[in-house]
Amino acid sequence: MSNEVRSLNEECGVFGVWGHEDANQITYFGLHSLQHRGQEGAGIVSNDEGTLIGYRGLGLLSDVFRKPEKIKKLTGNAAIGHVRYATAGSNGIDNIQPFLFDFYDAQFALAHNGNLTNATTLRNELEQDGAIFKSSSDSEVLMHLIRRSNADTLHEQVKEALNQVRGGFAYLLMTSDCMIAALDPNGFRPLSIGQMVNGAYVVASETCALDSVGAAFVRDVNPGEIVTISDEGLSIDVYTTDTKMAICSMEYIYFARPDSDICGINVHSARKRMGRQLARETSIAADMVIGVPNSSLSAASGYAEESGIPYEMGLVKNQYVARTFIQPTQALREQGVRMKLSAVKSVVRGKKIILVDDSIVRGTTSKHIVRLLKEAGAAEVHLRIASPPLKYPCFYGIDIQKQSELIAAHKSVEEMRAIIDVDSLSFLSETGLIDSIGLNLDASYSGLCMAYFNGDYPTPLYDYETEYLANLTAEK
Amino acid sequence: MSNEVRSLNEECGVFGVWGHEDANQITYFGLHSLQHRGQEGAGIVSNDEGTLIGYRGLGLLSDVFRKPEKIKKLTGNAAIGHVRYATAGSNGIDNIQPFLFDFYDAQFALAHNGNLTNATTLRNELEQDGAIFKSSSDSEVLMHLIRRSNADTLHEQVKEALNQVRGGFAYLLMTSDCMIAALDPNGFRPLSIGQMVNGAYVVASETCALDSVGAAFVRDVNPGEIVTISDEGLSIDVYTTDTKMAICSMEYIYFARPDSDICGINVHSARKRMGRQLARETSIAADMVIGVPNSSLSAASGYAEESGIPYEMGLVKNQYVARTFIQPTQALREQGVRMKLSAVKSVVRGKKIILVDDSIVRGTTSKHIVRLLKEAGAAEVHLRIASPPLKYPCFYGIDIQKQSELIAAHKSVEEMRAIIDVDSLSFLSETGLIDSIGLNLDASYSGLCMAYFNGDYPTPLYDYETEYLANLTAEK
Amino acid sequence: MSNEVRSLNEECGVFGVWGHEDANQITYFGLHSLQHRGQEGAGIVSNDEGTLIGYRGLGLLSDVFRKPEKIKKLTGNAAIGHVRYATAGSNGIDNIQPFLFDFYDAQFALAHNGNLTNATTLRNELEQDGAIFKSSSDSEVLMHLIRRSNADTLHEQVKEALNQVRGGFAYLLMTSDCMIAALDPNGFRPLSIGQMVNGAYVVASETCALDSVGAAFVRDVNPGEIVTISDEGLSIDVYTTDTKMAICSMEYIYFARPDSDICGINVHSARKRMGRQLARETSIAADMVIGVPNSSLSAASGYAEESGIPYEMGLVKNQYVARTFIQPTQALREQGVRMKLSAVKSVVRGKKIILVDDSIVRGTTSKHIVRLLKEAGAAEVHLRIASPPLKYPCFYGIDIQKQSELIAAHKSVEEMRAIIDVDSLSFLSETGLIDSIGLNLDASYSGLCMAYFNGDYPTPLYDYETEYLANLTAEK
Amino acid sequence: MSNEVRSLNEECGVFGVWGHEDANQITYFGLHSLQHRGQEGAGIVSNDEGTLIGYRGLGLLSDVFRKPEKIKKLTGNAAIGHVRYATAGSNGIDNIQPFLFDFYDAQFALAHNGNLTNATTLRNELEQDGAIFKSSSDSEVLMHLIRRSNADTLHEQVKEALNQVRGGFAYLLMTSDCMIAALDPNGFRPLSIGQMVNGAYVVASETCALDSVGAAFVRDVNPGEIVTISDEGLSIDVYTTDTKMAICSMEYIYFARPDSDICGINVHSARKRMGRQLARETSIAADMVIGVPNSSLSAASGYAEESGIPYEMGLVKNQYVARTFIQPTQALREQGVRMKLSAVKSVVRGKKIILVDDSIVRGTTSKHIVRLLKEAGAAEVHLRIASPPLKYPCFYGIDIQKQSELIAAHKSVEEMRAIIDVDSLSFLSETGLIDSIGLNLDASYSGLCMAYFNGDYPTPLYDYETEYLANLTAEK
């Protein structure tokens, strides 16, 4: 289901362009296609012949830049932008990116997608050494590290800084002279390079943003790489060779747009294969297959094709955003859910339904959807989840850090089935997921971060180690 | 495609509830599910023990009622609401409904979906007789007629007034004592009655609004009926027996929500049948069927099922509204289109595609979509339209009054094919459409208004007669 | 004291210009200088070659027209404008003037300063006859009367309508062809005509507005006159000869700007004479004279000059508006008063003070000011009021309609002195006021409305008669 | 004249309270009475049992805190606040104070009135050492110096930091445990301590703020002092003994509120003495004395009393703020001026006028006012300025840093007279000013900063030295 309904949130998308006279508008277009990666803040910094000019605000991109003059003021041939998902307690304007730093000798703009695992340690050390942070965001740490580096060139300073931060990060920096992109050693977050017809280079969190501005795909940024784009063109270096690809499997399952390719694999197609595999693993006779709109429609159509059971539109999503300000009485709460999703009575009445969803976080939304279908007259509802049970938090950039909220961390599949009140419940297997995505780097390694499902984090957790272990203990 | 992209617009939706302590919130929920019928203004008037309290504003419902206190102030056990599509030149706050009239001896609230064909004549006559209008809306005429009636009771006054107006109208009125609904003699616009668990009656433009508030469907309002709901319950009368059902076929084709039932026929199912019939009428070999999201997905899946050609997600709609304030340069215009819709390259590349859309108005959007698919690598695109060519304007409540803008009014199918730059183009036949909807009242009469396709208007056009004829002449 | 502090409020100011290409901006300037006459709403209607264009909003003029485009859209060579004081219960946008009426055969803009005494009767009669009002304002009645008139010309229709309304009114109308000003038969409200260098005519509630746009004073509009300004120039007619001048004495005492001339008498000078007369009537030895800023400064300086006692700045008014949203605790309430006015400790400490104020309404503000001075160390405070005690409500356009709120209506001067907690209290005599203003039309008639002080209303009270008598009875 | 009209602007006011449960509202009241010291931004930080909570925004205090919840959220028993005048190019939200700093081990709030003369040098040094600034304000420097200090206690760290900054500063800091006030070694800016009835301590830029919250005056903060207020009470220390009082003379002449006492001298009384002295120094026969409202009214009344010439209200200031968005045509520009100030024709017509103003900056406003009077019929206008000619910029916190804009820096008195187009022009002498203020610390030293008049800056100018000398050279 959509972001509005449940609490599984991507933390940000980045976009940058270098070498186009409409850099501000191109960045606006690019960010618009990345809006699903963060809806609580947006900003753009442009580069007008060496001078950086920024604007940022709370809310959707279209709200932040509602007045045309906001965009028009961001003149110049290069720009970077950011859409942000704000985690609780850090939702002030100060944390909206790109950060713009004005030094007596330089300007920097910084945008970050991901989450550092040693940010607290680094920040405390820096503050003990006199540093003052302008935000509560962990993204700002990198700037301090760069400015305190004693390396001779900016390029070396950035590399030195990148070697000090840990976790998941796709960084986009801009200075007077260049745009710099860098990816963490595990490539947790996607980051791609494209090129426009006029030669301008584009960097974006997803390839859908390249398409949206008419840029041709050049290549993905690889783990450990630092990419510099300037008037001299594109150059790629590595800041570390100690890398191991572990791209976030949730990007394929839920986050990324279906028209994006991640590591060369189309998201819609991967989801359709997940649906097909799910049908193979969890076969059941039924009258129809229904997907939860919009994110599960690909998987549902795959399930339908594989099973031969008709694919029907049994749920309709209201395309208008429902504000949640109304605190309904108990009697009205059910109606609140109906504002977002409706069951099509004439389609589902008396039918045995296979309901395909991409994942289950708390289980509350699933429960509501099932009730909608049953009230509309569905005879049976069999819930099929196109991914394995979510049991462990993410520390690399997705907002599911509280394990206590994950229903699968505490309940068996049968218990979940009973809570959600569904006739049967099955999940895709881990190997089924890996095979469906099909990234497999070699026979023995998936190339994916599967920690949400099995707790096998590809890196040490640093600042989160204690918290994580405490959670584990508390829950036993 | 969605309302944002093309200029085929419903003019309004109405909702009312009588007898529920949460009348304000229920009306909000109901209107939210009717938001697709009008996005440019919204309002609610509640009835607190005989005193009417109103609030209205420009924009989406969620914008108008952004502050919770706006809803909270609308206290009482009954309410009516309205979402409005503003036609050009009449988009001020004064025209947002429901209108609230304060007389020394009574209060009235009035909401209207439809378009009167003799409003100008009536208004001029009334003004000649000293009347002063508070809005430029034709909806207000009814109130003047009611107040000037010499009939003894309000009920008779309303009936007398209803017999003076012509055209398409679904009215919803509220006084201190009752809520009154009335439908025009041809039933051009849909209007349904529901009942909540506590016995409260609900009236709404579409049944999806009944579902959204958990109300059971009672019956549709019939042409020529006047329905009165008060603390004494529901009573139904007729103000005229000179009626002939002619429900707007575009409600089935494009406007209504797929989960609504109109005259007992589910919209999604009707669209799926249109798609099936379209496949039968316009068969062609291809690799996949793609629907234009979101309104054409039902027809596309019907086409796919009937033809046996796989249904694929080749186009992705951005779920975030793109503001159109940016006036892109020539070079950027193509990118503006891409903000709303993206082609999925990995799906369409090298493929022969059947593209299903519900209708063609100007043809410009179709042209853009086809180009998107071709640029993404589609080998062939065959456009199939799940309705006949739109050639004539509507005078009963849909904003396609300028015939000059309808491409099918001036071009042959082959000319359109060339303009849209598609490999082949076919439309559903009129009889195919009628059969797919399946309302057929008897063997010889479809029960539908098909004037958009064949110019056979079910009523005289009154004030529009001259304009209509002039258009016809000018275009020859 | 200023309007912010007490509840004695003028109801509106009007301004119009005919024949200047900057009509919109001139009207803005003119209204700005009349802002003290109404702060709760403002609007302007311009005339662009016969087409009327309007904009209005709630709040101060500068808030309503905060965006420059709001003014720019009001194109044309003529315009009328209005600033409004909203009485309780009628503060919606619908009541903001100028009203703009669109008829099939004409457009009208209407602005009104004053209060009709037979508005309710007229409105009820009109509604019984089918009329629908767009506002709750009594100003709209005139338009209905005009439109229902059977007279042959607009000029005669307006005259006929003017003869039906009663009370206090200064009307400003605009049509495609002309601007019409009219004053009630008693001339309760001021209204003046000016002319700009280019020949354009200007009409305004006060002459300060003529000065503010550089217009020369031509003459005042007289009671019973109807003034028509068009491209043919200025023409003056009378709609009634049954007139008797009774200009509101409170305009001189408190409302009007000191730089305005009303009926040829400068307001500042009149106030200074009131202060001089007050000194003669209520002499007392003291260390200094202090005026309550800003409206009483003229009277205070007159008092000081006449008495020979030094005039000092013992009270300072904060020039920034204090919003009253903060609901202070009991302990903070005193501090709330201090936000608006401060006593200058070093000036008043240990001193015997004569405090001059223009009038007393409820007495609460006076009490607060006296306490401020005493807390600042004043040894004695002798309050001198530059007008007689306010005992009766106004029905002609000033918001003091509730007699129960007037302290002087219920308390003796000694009782008031004790309540206000002042060492002595004296008022200017009625004859002292009349002589100070000096309008005296002849030896036996002041030419002023003095009803606030003596209850001698110059006209029957019509709709207010019963209410007025009931008040009188209730209070005995 | 008022701040709206000319470009002589105070840079900020500070207010703090410690030990009162209504700390947020008290700070709001206090800042409201300091609003004249800065209108372009405001903020408050409260201390709720050790946790600092802040809110700040652009615009007037009443705009920033328009919504009551903004104040309500600032809970706790202590608070500091700031009103800001934003110098050109630094008017973003980032620069609005108080600054709130969140460290892993502490929180700080910082508010500053004044201007540092070595801020650029310090900032560059700090940045070279890795510091990152969150604003472009020089106020932030102090925080970096404190955090980088190696002293053992916060108290010593602050003292160490204070000894590194140069120029004019009144600082107000708040931590979890205490509120700290500090004044520069010359006491350029005023800063006073008060105490409320409940024992709570208050610190404010002017004593009028103490009065506004009902606090008794305790004592002024002296040059070089650091004052600490905590739950243990008030303690005063010095961070330097190298001090020499040089309070800004412009505070007496123009900036401070007339009801404030600065260094024990009432501002209104000082201005009245300046007017008296001006009369003695520049005597001339005339019909009346008129002051430019509001800041020159005290001086004008002093002039009138001393000269025996009547004091009249010949100019009226519009109490409503005129927005300057309208870009008037040449023909309308004169009318723009009239929006702020009006001449009272009946008072000035045919009269010989002594016009008293407090100072002349560019001369353009004086020229406009003189024209107003002459157009209103004044026979002669003799301009008397209650301070010496302004020839030199201020570097300690007043925004007159561009010497090129000061008319008196480039023109003789006779040249100025001709430009302003006045019949005669005279200024108060320097000794006359010094004697009128009467601070004289000893026979040989005024205790005032008189640099604006004579260029004798009490300190080295550091970062401004070069700029200042360049100006001097360029102008010769």
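Order as written gives the chain letters A, B, C and D; numbering starts at 1 within each chain.
FYI, contacts are C-beta pairs under 8 Å (C-beta built on N, C-alpha and C of every residue); 3 or more make two chains touch, one makes a residue touch a chain.
Predicted model, so just to flag it, every value in this text is computed and none were measured.
Enquirer: Taking contact as defined at the start, I'd like the list of chains shared as neighbours by chain A and chain C.
Expert: Both chain A and chain C are touched by B, D, going by the contact rule given at the top.
Enquirer: How many angstrom lie between the CA centroids of chain C and chain D, rounded to a whole number?
Expert: So the centroids are 36 Å from each other.
Enquirer: Express in whole angstrom the distance between the two chain centres, defined as the mean CA positions of chain A and chain D.
Expert: Their C-alpha centroids are separated by 50 Å.
Enquirer: Hey, how far is the Cα centre of chain B from the one of chain D, in Å?
Expert: The answer is 62 Å.
Enquirer: Any two chains that touch count here, so list every such pair.
Expert: A-B, A-D, B-C, C-D
Enquirer: Quick check: in the complex, which residue numbers of chain B touch chain C?
Expert: Against chain C, the touching part of chain B is residues 93, 101-105, 120, 123-124, 127, 129-134, 136, 140, 143-144, 147-148.
Enquirer: Applying the document's contact rule, which stretches of chain C touch chain D when the two form their complex?
Expert: Going by the criterion above, the answer is residues 2, 22, 25-26, 28-29, 32-33, 35-36, 39, 60-62, 65-68, 71, 208, 211-214, 257-259, 261, 266, 268-269, 294, 297-298, 301, 305, 310-313, 316, 318-323, 325-329, 331-332, 334-336, 338-339, 342-347, 376.
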